[in-house]
Amino acid sequence: MTRGGLVGVSGYAGMELARLLSRHPSIKLTKAYSRVEAGKTLGDLYPFLRNLPGSETKISLFDAKECARDCDLIFLAVPAGEARKMVPELLAENLQVIDFSADYRLRDPGIYRQWYKLPCENDNALRDAVYGLPELYAAKIAKARLVANPGCYPTASILGARAALKNGIIDTDSIVIDAKSGASGAGRKPSLETLFCEVSANFRPYGVPGHRHTPEIEQEFSLIAGKEIRLSFVPHLVPMKRGILCSIYAPLTHPYTIEDIYEKFVETWKYYPWIRIKRPGELPDTANTRGSMYCDIGFAIDDRTNRLIIFSAIDNLCRGAAGQALACANLMRGLPVETGMVDLCPMP
Amino acid sequence: MTRGGLVGVSGYAGMELARLLSRHPSIKLTKAYSRVEAGKTLGDLYPFLRNLPGSETKISLFDAKECARDCDLIFLAVPAGEARKMVPELLAENLQVIDFSADYRLRDPGIYRQWYKLPCENDNALRDAVYGLPELYAAKIAKARLVANPGCYPTASILGARAALKNGIIDTDSIVIDAKSGASGAGRKPSLETLFCEVSANFRPYGVPGHRHTPEIEQEFSLIAGKEIRLSFVPHLVPMKRGILCSIYAPLTHPYTIEDIYEKFVETWKYYPWIRIKRPGELPDTANTRGSMYCDIGFAIDDRTNRLIIFSAIDNLCRGAAGQALACANLMRGLPVETGMVDLCPMP
Amino acid sequence: MTRGGLVGVSGYAGMELARLLSRHPSIKLTKAYSRVEAGKTLGDLYPFLRNLPGSETKISLFDAKECARDCDLIFLAVPAGEARKMVPELLAENLQVIDFSADYRLRDPGIYRQWYKLPCENDNALRDAVYGLPELYAAKIAKARLVANPGCYPTASILGARAALKNGIIDTDSIVIDAKSGASGAGRKPSLETLFCEVSANFRPYGVPGHRHTPEIEQEFSLIAGKEIRLSFVPHLVPMKRGILCSIYAPLTHPYTIEDIYEKFVETWKYYPWIRIKRPGELPDTANTRGSMYCDIGFAIDDRTNRLIIFSAIDNLCRGAAGQALACANLMRGLPVETGMVDLCPMP
Amino acid sequence: MTRGGLVGVSGYAGMELARLLSRHPSIKLTKAYSRVEAGKTLGDLYPFLRNLPGSETKISLFDAKECARDCDLIFLAVPAGEARKMVPELLAENLQVIDFSADYRLRDPGIYRQWYKLPCENDNALRDAVYGLPELYAAKIAKARLVANPGCYPTASILGARAALKNGIIDTDSIVIDAKSGASGAGRKPSLETLFCEVSANFRPYGVPGHRHTPEIEQEFSLIAGKEIRLSFVPHLVPMKRGILCSIYAPLTHPYTIEDIYEKFVETWKYYPWIRIKRPGELPDTANTRGSMYCDIGFAIDDRTNRLIIFSAIDNLCRGAAGQALACANLMRGLPVETGMVDLCPMP
């Protein structure tokens, strides 16, 4: 039985991780940390958890030494910049670490500094950090001591585009990602912008230009395609709680048929049960992935403009955050990647 | 392994049952029937199911003989009136039957005729039917060949009021149940009233006076209290998909304190893990029960009017329909009631 | 042309007043005050206002002297307790005042102290304050210097119940008001409870027992019925922005028919175009009143329990706050009560 | 006073037109036609209209002769293909006609046939039809006997892109329009896809590739740019009732600064009060245009990819359908274009 700790239990990613761990057979949440919620139990904070395993866990103030004694692996759900301050000590304490923030996702410290406007001490941790997308890096994750859990938009974008990038199907010079997310992506901290009355019955873009997930997407796209890629990434806020759908536009390199594309997508993902390729004519939506690890991918060819349009849908809290972290945790603990999530059926 | 059949897979209760059975260890959905969707697979109809057990099950036209050959137990998710036509033959074929409709819920055929305006042949089935509320009738359900799965509003009302009725806490002459439900309770059949544009950003009462769940609630309330009860039941439509919250008003028989009430509620339900009693000062909501079997019950005393107000919240599709049916199926098959649902964590 | 001022422009009631005044022919918003938003224009704060009258109005810090110089009438959209501190000076400056808070609604200072836990200096203002429900107090409002704008729940409750109370149709000893409101009633100040992710797809009671609108409802009910009334009032939060629906339960004093009731309701309200009585068999909803001054009232008789159930629906921001205040302002300025709102069509 | 008729009152565009005409000073809805709703009054069909002008109008079966006698101008809210059958007779009866369908929007009958798979009799009406976008064609509309009311997506797209197209700011070879609409765009006819339970808490693309608004957008883009334009247009469904937001992507022709662009947008639209250009750094949303004629336009430069991203937001029912038709009607009747809508404040 793995003893897991969670720093930052009061956010939605923390909430989702508590949900997933309540049903995990071999990783338990033994410690949950939060400055604001210390003193409560997990069940006090999240009434949905009551009567379920983990509900009685006391939330406490973080203490690295104590954490090292009581945990084997620690999930960090803290803001960018905070993780960098905590990780070296946690690694020194021999904890395995999964960081939800962006602090260790970007291989190039200069790009991190440029986009996050934060110092980026040249620590050794970055060198060893593994980008925690299990479909791409399972072997490395299994050996990692520090995993940088991918961002929600990058997860949907990378899984959506990978088959096209890898197979040279699209012209990588002119990629546009028009992304849409539910409001839980904005966090559980009260703000005017995320009030019910501001989000409901409304639709709007935000964070343009220059959303911080851009360089993360570009990094992984470039690695898959084997060349430097620059693209436009534009997020929008949808009046729903969970879910991301990315619409990815790119010119085709050849006049492929829809069947050609379908075949290549299916072939690329055939060993990955969490990736579901929609048949030609079908399109994904977010509801059919809700609460699960699935990434549903559909596409269409606009033959009048010779453009491929890929749609990829995920649950931003599960696949795009806590579930993905748990998949990484499984690998790091020598468990099958899908442990505790094999029967995680979406709830539309 | 129990082979389960489902007639009426195209409604939301059918959808929910398919979701729950995709993760059940010992009951499988071997046959799914639907007039409109015949020919598709379950995964075609419900894309969220793809890659999960049951997804490949072909939907076909119902045939009682074939059903009897391929199934041990059959779930009927058909309209009131239809079940009565089908049940005798299914029982004759030695199938165990769980009926989602109201056809076998009311013990008194006269009351059924009066409220449902349907013929009520004096068949033997009614005599043997058991009301499928596991907390109240587990032993009988375990031996039943025909279970009448409770209505969604009655489930929330009966579980909510039981501790008060049983302990003589409330005056049973003046009970008001103001109930609120998400739109899935209205079914998956297209209608103007349930269009997104008619339901969203709107709130309204419906079906007053005389909603058909009234006699069902009165029957069970009367049985618990040991005397005839008449009450007012008024449902409302909430702009959300899943969830029911019932607000139950009744005068207190004595000047109880809030602690008295809490103690009696806890005592009444102490062996039932799906019933969660909120502590004094806490109130339930629907989101914390979503997708689960939990019934969350809170209450307050309005001491200025000496009235007890009970709030009970459930997921109308899971606890109020498919999940409850599955709990009954577990019992009928000799399994622990919570089989396949012990780790069904709500997803807020 | 009347020069109007508004203290507390940054809340939803302030927003709604700015919307309504943008189209008013003879009252203009010349001053808008807010601590947090000072320096912006109204159009900066509320982009929907841009290009409309009032959009260029600069938001500034409140100053009573300056306000007295630049305004004829002032709307106070400040928290309970704050208004009491400001009103005496404003009246001394010869301003007409409409207070959105509860500070001057309750005739009995002891009840105010008991429910609001605030000091209630024995100022003269209370003696002169008029409860600003135009259908009931138009003549007094027209002469008032201080109007206490009714609460949103009391508005819906009083208008809904008045015909029944006035005509002795219901037993006043056993009234239950089960009320439901959209989230804008909770204000525009960021809080966890009003985040989109906490409110959407959820339904819950709150503030029970003892919501502060209770004594206000009881006061006006008692005045209409001519006797002391105590009742149970329970509010719930609906996942929508605007709208209140109150379900009012009370025993009938006689076995009235539905036509009797309809006739009395129509008769009571025949000179009041903002009150729309639903025909027997019809029920109101919130969407059909959205953004307007209408109060839609429907009812049903539960003859099995001899209970009358009244449903009244309003827009909480317009009829329940800013629109009602504007109707009072019209009267105070010698204008027809409906000035600027005669063509205010609901937008479902 | 102009006597207006409306064929197809039972759809959402018809509903919105009834709302707008209830407050119009010089066009009245004298006749409303609907096959399904004949016999009811407008107030029966749309309770929000009760007590307002037009509420008592009887809905009847359409009859061209009678219509010609009782109306000066007729609004056709009927499906594509139906209008073509009706228009010649209506014109022959000397009625002015505003057609909400696509039947007369496309100048080239071949393109109409190709996209709509409908016959396109070579009637003279098409030659005389004017595309009813008042900002572009006011003079022609004023003289037209037949106006083709623009589609909702084309309205948002054309208004959004016009300043960029007209000023040669963008490369017209590589335009992508990623569009998002509320559910009212799908109509008021019951269907599974538009049920509350299917749309709420969900986001999905639809109608790709080849949504029928594509050629309409291309036609007007080409006319503005003075050259043939082909583009990708992809619509998505947002869980809200009203509103469209289009995100338009195109490469810049030169390294413009954000201030350059802002200046050109402001200059282009300076005489058009319904077009509101967001300042650099501000972005539009749909809520701030709700229920109004405003088109809010914002933009950003992605200088890493040298791409301009334009966001344009409208209310699909008002600006995208009924309000725009009414603006055309105003022009056709010799009234100022904004008659009856000058004080139409958005309601967020």
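What to note about this one:
Read from first to last, the chains carry the letters A, B, C and D; within each, the first residue is number 1.
The definition used in the following text is that a contact is a pair of C-beta atoms (placed from the backbone, for glycine too) under 8 Å apart; a residue touches a chain by one contact, two chains touch by 3 or more.
Here the structure is a predicted model, which is why all the values come from computation and not from measurement.
Farthest chain from subunit D (centres taken as the mean of C-alpha atoms): B. By number of C-beta pairs in contact, A-D leads over the other of A-D and C-D. Rounded to whole angstrom, the centroid-to-centroid distance between subunit A and subunit D, based on C-alpha atoms, equals 39 Å. Rounded to whole angstrom units, the spacing between the C-alpha centres of subunit A and subunit C is 45.
Our note on geometry: subunit C versus subunit D, Cα centroid distance of 36 Å, whole angstroms.
The set of subunit D residues that touch two or more partner chains comprises 198, 200-201, 239-241, 284, 287, 290, 348.
Taken together, the subunit B residues at the contact with subunit D in this complex read 12, 183-184, 188, 190-192, 194-201, 239-241. Contacts from subunit A toward subunit D in the complex involve residues 174, 176, 178, 180, 182, 198, 200-206, 208-210, 214, 230-232, 234, 236, 238-243, 245, 247, 249, 283-287, 290, 298, 300-305, 307, 309, 311, 313, 348.
By the touch criterion given at the top, residues 15, 19, 22-23, 46-52, 200-201, 273-274, 276, 278, 282, 284, 287-292, 294, 296, 343, 345-348 of subunit C touch subunit D in their complex.
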